[in-house]
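Chains: A, B, C and D, in written order; residue numbering restarts at 1 for each.
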Amino acid sequence: MAIDAPATPIDVASIKKDFPILAVEVHGKRLVYLDSAASSQKPTAVLDAMDRYYETTHANVHRGVYTIAEEATRLYEDARKAMARFIGAGSPSEVVFTKNVTEAINLVARSWGGANLHAGDVVVLTEMEHHANLVPWLQLKAERGIELRYLPVGEDGLLDLSDLDRTLAGAKLVAFTAMSNVLGTLTPVRRIADAAHAAGALVLVDGAQYTPATATDVSELGVDFYGVTGHKMLGPTGIGVLWARAELLDAMPPFLGGGEMIRDVRLDGFTTNDVPWKFEAGTPPIAEAVGLEAAVRYLETLGMDAVRAHERHLTAYAIDTLTARYGDDLRVHGPLDADQRGGVLSFAYKDIHPHDLSQVLDESAVCVRAGHHCAKPLMRRLGVGATARASFSIYNDEADVDVLADALADADRLFG
Amino acid sequence: MPGLEDLYREIILDHYRNPRNRGELPVPPAHAETGFNPLCGDEITVYVQVDGDTVTDLRLTGQGCSISQSSASMMSTAVKGRSLEEARAVIRTFKAMMSVHEARLDGDDGGPVEPEVALGDLEALQGVVKFPVRIKCATLSWNTLTQALDSIAAPAS
Amino acid sequence: MAIDAPATPIDVASIKKDFPILAVEVHGKRLVYLDSAASSQKPTAVLDAMDRYYETTHANVHRGVYTIAEEATRLYEDARKAMARFIGAGSPSEVVFTKNVTEAINLVARSWGGANLHAGDVVVLTEMEHHANLVPWLQLKAERGIELRYLPVGEDGLLDLSDLDRTLAGAKLVAFTAMSNVLGTLTPVRRIADAAHAAGALVLVDGAQYTPATATDVSELGVDFYGVTGHKMLGPTGIGVLWARAELLDAMPPFLGGGEMIRDVRLDGFTTNDVPWKFEAGTPPIAEAVGLEAAVRYLETLGMDAVRAHERHLTAYAIDTLTARYGDDLRVHGPLDADQRGGVLSFAYKDIHPHDLSQVLDESAVCVRAGHHCAKPLMRRLGVGATARASFSIYNDEADVDVLADALADADRLFG
Amino acid sequence: MPGLEDLYREIILDHYRNPRNRGELPVPPAHAETGFNPLCGDEITVYVQVDGDTVTDLRLTGQGCSISQSSASMMSTAVKGRSLEEARAVIRTFKAMMSVHEARLDGDDGGPVEPEVALGDLEALQGVVKFPVRIKCATLSWNTLTQALDSIAAPAS
């Protein structure tokens, strides 16, 4: 959804008021939430939309004739349309609601992969994938002997594409993240997708970090499968999205079996419903879809280009501030150029373990994540066991970065 | 809120109580296709006999609500005896009448379409569009007929 | 959770005030919600718990050191404990959160079934199962040639167990519902479970309708796997539960792959986390778990024996009222004795199609479901295409039944 | 809210800065076991040498936070030279000290347990129970040692 009009800058002071949790105090101090890459906070508009739904309209969808059931169905399907619009899908029927992006990727691995991947078939991943885009393929490797190849990560934290064509040769699928949840790296999606298609492979992109941070258009990206997760984009927990090109979804066998996804069931067999419902077994996350639509509308009102500009600025400010202040004591993982990364900043400070760092920062009510960030292979590639990671969203500003910078000095006092 | 009288017009109830063209046709030479409404369990089987360019006969079996049954019955009278081309035009026009709101439910945004042919009695079903969940009832037989005509046009190899 | 103290009767007038949606008007009339078997309404306590969580505590669970992440983790794991207590689980580690009960049953079919069911192995189901407990097994039948046998449903709407032992002979699993979502029938869970175990089979019970309606104790029921779904028990959409005996869960291979469910991931393989997390790939439904705990507490405060007594009474009242008023024109499907059924009442009225009936009832703001209720094989067994179904919860009273009875007369006027 | 000084006692920081018994032992005759903290990525390998009834040597490699490293270091000094039975008693007592709150996180409700042996320096780790997420850090090496002792007791066939 590219927006051509110049973006109105993000007004963080007013945005902060939309997020009730930011008024919370921890240890008597204002909460400085720098962990949006793990899960974003939710604006009042999202909570209100869900409450309003439960308080006026709730009923199970797709099966009721009465007024509120019809209205619940309409709201649920409207959320699908909003999501389709937000990621540039050709049609809402290409949008499948899942419980999170992890399920979306598993759905592709089990359904499309189950039908199309056989012993010896090649799937190309990268060294910077989240476990959500590693384990489903490792499961297929263990179960049916597919071969996995990895695009390496260079010293600069970018994907090393020097051997791209050879790595892609003969591959059936290339699956990779559009933005690293550890390094912040933005990957060249279109370039890899075009090369993959030229090699005869399909392309799955994990958009969990990318879509909350930038304008997304799946057809401009030129991909075949795309996944996002609601809770990282101001939406509720319990919902994710798989988008796939219609003809792929049509041809794929069903995944989970149950209500909603069938056309007919007999004691000896069943036939499946049309897409996207074929892939939505059981009662879907109805209120969560309503909440996700409110999140999408909130982001659309800000404009995703403004969101990107804001986070780009804040990331550059953070890199500048931290390195100016701590010099060689602080090492930023990944590209230093904010144009090449989203608002996710992994760093090492002296030799203080990230766990200890995060614990000390918590005393200043600063929330940063410490650990492997569900990317253990990348940790091994970086030669570390864990990193400390600060990540930014629309409700963060330079003052938040300054609090982080100040709080690092405390860690120094304890462990220096 | 639209009232029930918009939905249950007299002509609809008449076709429901006295369905036209109930029954089967020998297959072959006729072709049979069964459609399901996965939402409510309605099933309809359309038997259609095409000779040369003409839909010479059409019969219906199955069960369903007043809307699905009367729509099927009206469809049978509207299509029987027509040329294939005319039959397709009726189907397109009827689906277009339903589509604005069916689209609403399905997610596709098809705009309104100019009517190609007069729908006559079938216009009574226009009230259904105010009850989006029932549109699937009204279109079940039409989608099933479309499938039947498609597989006559391109027989399975 | 059997409660021995005599149950305090349900005070519907005061309960209605806890459910905001019941104050809504449809067509200018008070909403009479009689579709709780499809999805229950939610008390303010549940919505408040989720709002409070999002407004004060939200963070991703299990990975953060900072205060609100630790608190979010505690709330999520407390919800697991509450759920364990509510269904009499031996330990919270036997409780896996899923997106709905459909996923819970698919998890057993794919994980346990994948490891233990081979061509020719027998799974016993019943003719009254919901598609959620049919399609996963039909998928395994199509994929690997397991054999399915069905316990029949008698004319009285009860399971016909006259041939039980022969049906169970050689079976590996018996999977059935504790309460039919169409007929309301309560099945003899313990008796079937004991017979199944004697025959060497494991037992999966679908508790989607049973647990919202009666005190549940999985060890008293004597089952091996048990599933429930949050949105039918006053909880939010987007969450369900699989309970299984610890040693079964321990031995089962993982299901979905991704974050949370791993111990270690390398480029060439992975090892799994402990149960229950082994089965919870990706960010779980955190707020939904918090909401579900609030729902469980709400039900515990009423007392499940009181809930059962109330719904039993209302069901008997409805059967009496409708048959007294409409005689042979109204036929109730399933057992007529309220002791043998929960608060779910499928019926046929004259020869009016259920869809039309439901549409007409909606004019009186009465919400009943019309259709196959995701139980098409049972519909065929009953010889109908669809039924109209009224179902009751704690917020329904005799007045609601009376409105239903009155509204049926309107249908008569239009279609009689 | 407990303060950081409850967590980072001086003795803990000392063991973190100057870890005892770092290194490897030749396998065999020693036995090695690696443990992972799936939450944060900490890894620890415990090398343990048992001769007859005695834990004659114990060495540690791996990486982790101050809590996991100091707990491992203190464990090594507490266990080395002890009989197998004494070592197990130390493990049980330490785990009991951690368990009330670990249970909180895991869901198991184990009540408090009478200490079987004096824990000495290890008691400094008691402050960890106020930071439930860090308990997994403190117990990592202990769980790994337990696994090592178990597989020495019952060697894989």
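Rule of thumb we're sticking to: a contact is a pair of C-beta atoms (placed from the backbone, for glycine too) under 8 Å apart; a residue touches a chain by one contact, two chains touch by 3 or more.
Everything numeric here is computed off the predicted structure, so don't read it as measured data.
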* Structure fact -> Most remote chain w.r.t. Chain A, using mean C-alpha positions, is B
* Please report how many Å separate the Cα centroid of chain C from that of chain D, as a whole number. => 44
* To do: Indicate the whole-number Å distance between the mean C-alpha point of chain B and the mean C-alpha point of chain C.
  => 36
* Structure fact -> Taking each chain's centre as the mean of its CA atoms, chain B sits from chain D at a distance in Å of 73
* So which bits of chain C are touching at least two other chains? -> 27, 63-65, 67, 69, 262, 264, 355, 359, 370-371, 376
* Pull out every residue in chain D that's touching 2 or more other chains. => 1, 39-40, 131, 134
* Just say which it is for the chain contacts: an open line, a closed ring, a star, complete, or other. => other
* Asked: For this entry, which pairs of chains touch?
  -> A-B, A-C, A-D, B-C, C-D
* **chain A to chain B touching residues, read off their complex** => 62-65, 67, 69-70, 73-74, 77, 80-81, 84, 91-93, 95, 262-264, 271, 273, 277
* Structure fact -> Counting only contacts in the complex, chain A reaches chain C at residues 20-21, 24, 26-27, 31, 35, 38-39, 41-42, 47, 50-51, 54-60, 63-69, 99-103, 105-106, 109, 127, 130-132, 134-136, 138-139, 141-142, 148, 150, 229, 231, 236-240, 254, 256-262, 264-270, 281-288, 355, 358-359, 361-362, 365-371, 373-374, 376-377, 380
* Within their complex, state which residues of chain D touch chain A. => 1, 4, 7-8, 13, 39-43, 63-67, 69, 131, 134, 137
* Which of the residues in chain B end up touching chain A in this complex? -> 1, 36, 38-40, 104-108, 131-134
* Mind listing the chain C positions that touch chain B in their complex? => 27, 353-356, 359-360, 363, 370-372, 376, 379, 385-386, 414-415
